[in-house]
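You will see two complexes here that share chain A, one where it goes with chain B and one where it goes with chain C.
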Partner chain A sequence: MTASASTLPQWWLDTRAAAWDRYNAAPAPSRADERWRFSDVAGITLDGLAIEPAALSDSEILALKTKAQGALSPFRATLKHAASLSFINNRLSHSASLPGELTAKGVIFCPIEEAIEKYPQHIQTYLQKHDVALGSEKFTALNTALTTSGALLYVPKNVVVELPLILEHIATDDDACVYPHTLVILEDNARATLIEYFASAEPGARHFASGVNDLHAGAGAQLTYIGAQSWSSNTLAFQTNSIVAQRDARVTSLNVHLGGRQARHESHSRLQGPGAHSEMLALTIATGAQQFDQRTLQTHQAPHTSSNLLYKNALLDTAKTIFSGLIIVEPDAQKTDAYQSNRNLMLSDAAESNSLPGLEIQANDVRCTHGATSARIPAEQEFYLQSRGIDPAQAHELLVAGFFEEVLNKLENEELHAVLASLLQTKFKK
Partner chain B sequence: MQTSTQPEIFAEQEAAQAAAIGIDQSLGDFTYDVKYDYDAGSGLTENTVRYISAVKKEAPWILDFRLNALKTFLAKPLPTHWATKDLENINFDKIRYYLAQGQKPKRTWDEVPEDIKKTFERLGVPEQERKFLAGVEAQFDSEAAYSNIKDIVAKQGVIFMNSTQALREHPELFRKWFGKVIPTSDNKFSALNSAVFSGGSFIYVPPGVKVAQPLQAYFRINAENFGQFERTLIICDEGSEVTYMEGCTAPKFSTSTLHSAVVELVALKGAKIQYITVQNWAPNVYNLVTKRGLALEDAEIKWIDCNIGSRLTMKYPGVVLKGRRARGEVISIALANDGQHQDTGAKMIHAADETTSTIVSKSISVGEGRATYRGQVHIPKHLRGCKNNTECDALLINTNSRTDTYPAITVRGDKHATQHEASVSKVSEEMIFYMQQRGLTEAQAMSLAVNGFINDLASQFPMEYSVELKRLIELEMEGSVG
Partner chain C sequence: MHTLEIRDLVVALTETPDKPIVKGVSLTIKSGEVHAVMGPNGTGKSTLSKAIAGHPDYTITSGDVFLDGKSVLEMEPDERARAGIFLAFQYPSEIPGVSIANFLRAAVQARLGEGEDLDAVAYYKNLYAKMDMLKIDRKFTSRAVNEGFSGGEKKRCEILQMAMLEPSFALMDETDSGLDIDALKIVAEGVNQLRGPKLGVLLITHYQRLLNHIVPDYVHVMYDGRIVKSGDKNLAIELEAKGYDWVKDIAVPAMS
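This part shows the complex of A and B:
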């Protein structure tokens, strides 16, 4: 492995070297591993990809940045926001800094490499403090070894950032590999919303992405995280997400999955202090031969904690989805209230949904329930729309929008709700 | 928390079971000295398999079947990537794979050897019981010691005998379905059973015959470190109906024993099979059982499975819904007390249009007991109108009790409906308070609440089993509160 930037501190170079060793030592995913049950592990191949991004000349970087102008995310284009950062093929291509009043309060929003140099204490304290441990450890290690893109968001105690912050990761040209890495630290009673957007510049290019985000909410903090991906139809994507909520903290995460040939998303919430709550939401539209693999874990480590998971998938064509979720209630976590629900809307006779909603309960005074359903649109609803002259494809679009509304309604920001609804619609326009 | 020790509870449990069928079983805790005519020794090699086959004077195809199964068993790894690590504690070399006295199954009580009669009396299958337990096949170790098929059943043309005998007398019927519902290579333990099986029941019900009385079998493990590998095959011909019940008791032994049965059910067009199990093995038994039914057009298979005993039970009764409009149902009750792991569940494999399946599972974890539900529902491509409904509820009694739920639901296509729901709860304090206010002790209140939790399922059992189950649960609950 090569060290791309000589200015990086030695501790970070060591961290990367260790991660590179972990990546090489870890075995490839296998179906014999319960965490990869139902996955198409044969589709996970990095053959022919230059996984280490090559060094570029100044003119090449300039050409990339020019290209990035065209790939403006719907979020940055339409939402009022506090600051934004964009990366194209792991390189910073745009940045709009925080307003002075926020920086004066100590808020930090900067590229991850800058954070490593300037704020090593935050990185060293929080970066991958907790493993996600849902199966993609190999790819998480690869991310740590190679990441140059991503950001640190740090909000000090009692500071509220009203407007959302936007992060964009764009991959361009065939065989590009990207490694977004996001670290969010909200100190006690802080509040912020972060929107992360992942996309390919070309709809059919071959891309590989391995992203990591680490979200930490201190006591009483309120964090809203939106992750939306619209990778190319030939992208292999991994994303792992870790959420830690301290006493009375409230974290809402919504992940929207639209693109990719095969996309796996792992999300692990840890409820560490009484009163902590994690709202875990996801919306997926699976079309063509796409495969979406979602694995979740809700770990209740303290009493009086709650979590609510709602993952909705709409399946068309020959698409395949896997949802594997687990709620773990540790022995001391009495009075836990946990819910987990996976709803699959089957819109094609050749689509396949797999649902593995699990529970591991080691405390007795709890309320834990889960549910999973797979069903088609009721024939009456379809008939109602068609009898009013709406063609079947449009009827599907409307019904999917209605199906997803329950999740979008959980967002307080109405502007954001509207942007996400129209982003979801784009999937039907293709 | 625990006011009684485990052995006491166990003794009470046996007493309750005895009381339920009207016998004194305070004598239940014993090791009986039996002289075995045939003993394949400890450990498993090709010679063990050849020995078993030779003793049973089997046809060459059965020996080949066994030898192939042995190869599969040795080649297959333990399923530890999803299963409990406790499986690794089984020492296959210490298990004795075949013990028998070698006498032919007896039809009349008088013909049963004296020392076996003595064991049966202590077990609670005395002479007077025979009159009531119609059609009981009491399996003494590996062989059926006697079989007493009611005249009516035989007159209807029903074949009910032990598997060894059926292989000899009805090879054409047996061979047609043997190993077809559960292939040898299904899992490591079905392969083990296929290599060393002995005993178990064979039932054939001719077309249109409805067997009014439930047929019963009574199993008991009776030698230390002796695994029991019974093989049961039930075939219900077109439009016929049968209910089969198996209940298990085992004396206590100090080292772990292994019970690994294979039960295959075949319901031909329009047939109905109901298979009822009350499992109450000693807390040192590994109970690793493969049970599956094949339901053809309009057929119905229902498993009623109740697990109370054993150290570790892994059992997921399944139905392959092979014919149009076939119906499958699993009703599962599990109670896990200290030191026990009940890893139970169900499998529903839909393989034809308009097939429906239902799974209802209720588990109770007491003390440090662990109850696990593991389920699989599979609806493949190009089918239409399939439905599954799964409900699993878990009740946790003590703060250190544990429960897990691991369902897997695969649906292909848009012509189906599946629904899975699970909940975990404890007995509410208000409920206990209400009952205590009316003069019940806390333990009585808890016991009543637990019986209420499973009542809608327990009522589906035949009366005597339902009563037995209730008493067993009451006894299990004693000392669980306070």
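This part shows the complex of A and C:
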């Protein structure tokens, strides 16, 4: 591995070198591994990709940045926000800083490499402190070894950031690989919303993405995380998401999956203090021959904790989805209240949804429920829409939007709700 | 001036095409006319109206339906709707998560030409005016279609849709059932406002009281899949007094 940025501290270079070794040592995913059950592991190939981003000349970087301006996210374009950072092929292409009033209170929102240099204590304390451990360790290691894009969001105790913060990650040109890495630290009673958008500049380009998120919510903190991906139809994407909620913290995470040839998302919530809550949400529209693979874990480690998972998929054409979710209640976590639900709306007979819900309960006084359903659009609903003159394709689009409302309704920010609803609609316009 | 002609219509469930439910109904409705259809439960009134609208559960095994002389049988349900046929359902479906505003907007948009965009301001102005006319709270625009609506709210919402979509023919299937007296008056008033030279109505009802508010030009009695008697509004009054046993007696000789 070639370490490009020489200004980076030695401890980080060591971390990267170790991660690079882990990446090389780890076996490729295999279906023999329970965590890759049903996955199309044959589709996971990095052959011919520019795994290590090449060094670029100044003019090449300038050309990239110009391109990035055309790939503005609907979030940055339409939402009121506190600050934004954009990366194209792992390079910073845009930044709008926090207002002075927030920096004065100690809020930090900066590119990850800047954070490594300026705020090593945050990185060393929190970065990948908790493994997601749901199967993609090889790709997570690759991310650590090569990441130059992503951000640190740090909100000190009792500080509230009202407006959302926006992060954009764009991949461009065939065979590009991107490694977004986002670390969010909310100290006690802090509050913030982070929106992360992942997309390809060209709809058909071959891209590879391995992204990592670390979300830490201190006691009483309230964090809303939105991740929305609209990768090209020829992208292989991995994203892992670690959520830690301390006493009385509340974390809402919503991941929206639209793009990619094959996209895998892993999310692990750890409820570590009494009263902690994690709301885990996902919306997926799977079309063509797309494959979406979602693996989740809700680990209850303290008493009186709660979690609620609702993953909704709409499947068309010959698309395939896998949902595998587990709730673990550790022995001390009495009075846990955990819920897990995967709902699949089948708009095609040739589409395939797989659900593997699971429970592992080591405490005796808990309430845990899980459920998975796969259903077609009820014929009566379809006819009702058609009887108003709405054609079948438009009727499906409306019914899918309606199916997703239950999830979007959980967002307090009405503006954000509207932007997400229209982003979801774009999938039907292609 | 439009005409909806139902000619010798025989309708069966798609899964049992050899067992007709509607057994040969002929009826012609012209713009401006209101035809009431009355008849006992299970006689095929809803089946008739749903078959005309193109419901996939029902198959028309013989006969035809002509809109201005053109058969609608080869048309998809959405095409029939855009051509001007509106069905106010006896049991409107709940559409989870789809707001009335978005739903009606899609329906209005569907009636615009290629590349023509909906004027959102005019649309909302029109929607609110129609809601006010039907005394529907404006807050309902953001509620999911029929979800959690009371029986009466559902029926009023059907009339709202009819008012917005301005069909040339409305098939109203028991729009009055489930309505209290006040709601009945509001709905009837709404229908009367829409009534006029541009609209023909097929009004299915069990209750003569509705016909005091929406006075029909013709009344037809349906029994066992057939129209066994037709007359003017006085037929409804007679029916109210004598009950359906009376038509049963007419129907039996008619069948032999």
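We take it that the second predicted complex is superposed on the first by the 430 of 430 C-alpha atoms of A that agree within 3 Å, B and C clash if a C-alpha of one lies under 4 Å from a C-alpha of the other, contacts with A are read in each partner's own complex, and residues count from 1 in each chain.
Here is the rule we go by: a residue touches a chain if its C-beta (ideal position, glycine included) is under 8 Å from a C-beta of that chain, and two chains touch if they have at least 3 such contacts.
In this text the structure is predicted, and so the values were computed from the model without any measurement.
J.: Examine A:405 and indicate which partner it touches, taking first as chain B and second as chain C; both and neither are also allowed.
T.: A:405: touches chain C, not chain B.
J.: Taking the superposition as given, does A:385 touch the first partner, chain B, the second, chain C, both, or neither?
T.: Touch status of A:385: second partner only.
J.: After superposing on the shared chain, does chain C or chain B touch more chain A residues?
T.: On the superposition, B touches more of the residues of chain A.
J.: Tell me the contact category for A:333 with respect to chain B and chain C: first, second, both or neither.
T.: Neither partner.
J.: Check the residue A:192 against both partner chains and state whether it touches chain B (first), chain C (second), both, or neither.
T.: After superposing on A, A:192 lies clear of both chain B and chain C.
J.: Have a look at where A:64 lands relative to chain B and chain C in the superposition and call it first, second, both or neither.
T.: A:64: touches no partner chain.
J.: Of the two partner chains, chain B (first) and chain C (second), which one does A:346 touch, if any: first, second, both, or neither?
T.: In the superposition, A:346 touches chain B alone.
J.: Output check: A:394 vs chain B and chain C. Expected answer is one of first, second, both, neither. What do you get?
T.: second
J.: For chain A, what residues appear in both contact lists, the one with chain B and the one with chain C?
T.: Looking at chain A, the two contact sets are disjoint.
J.: Write out the stretch or stretches of chain C touching chain A in their complex.
T.: Against chain A, chain C makes touches at 53-57, 76-78, 81-82, 86-87, 89, 92-98, 102-104, 106-107, 110-111, 144-145, 161, 165.
J.: Report the residues of chain B in contact with chain A in the complex, numbered from low to high.
T.: Within the complex, chain B contacts chain A at residues 81-82, 381-382, 394, 396-426.
J.: Considering the complex alone, what residue numbers of chain A touch chain C?
T.: 378-381, 383-392, 394-395, 398-399, 401-406
J.: Where on chain A is chain B touching in the complex?
T.: 32-34, 37-38, 331, 334, 344, 346-376
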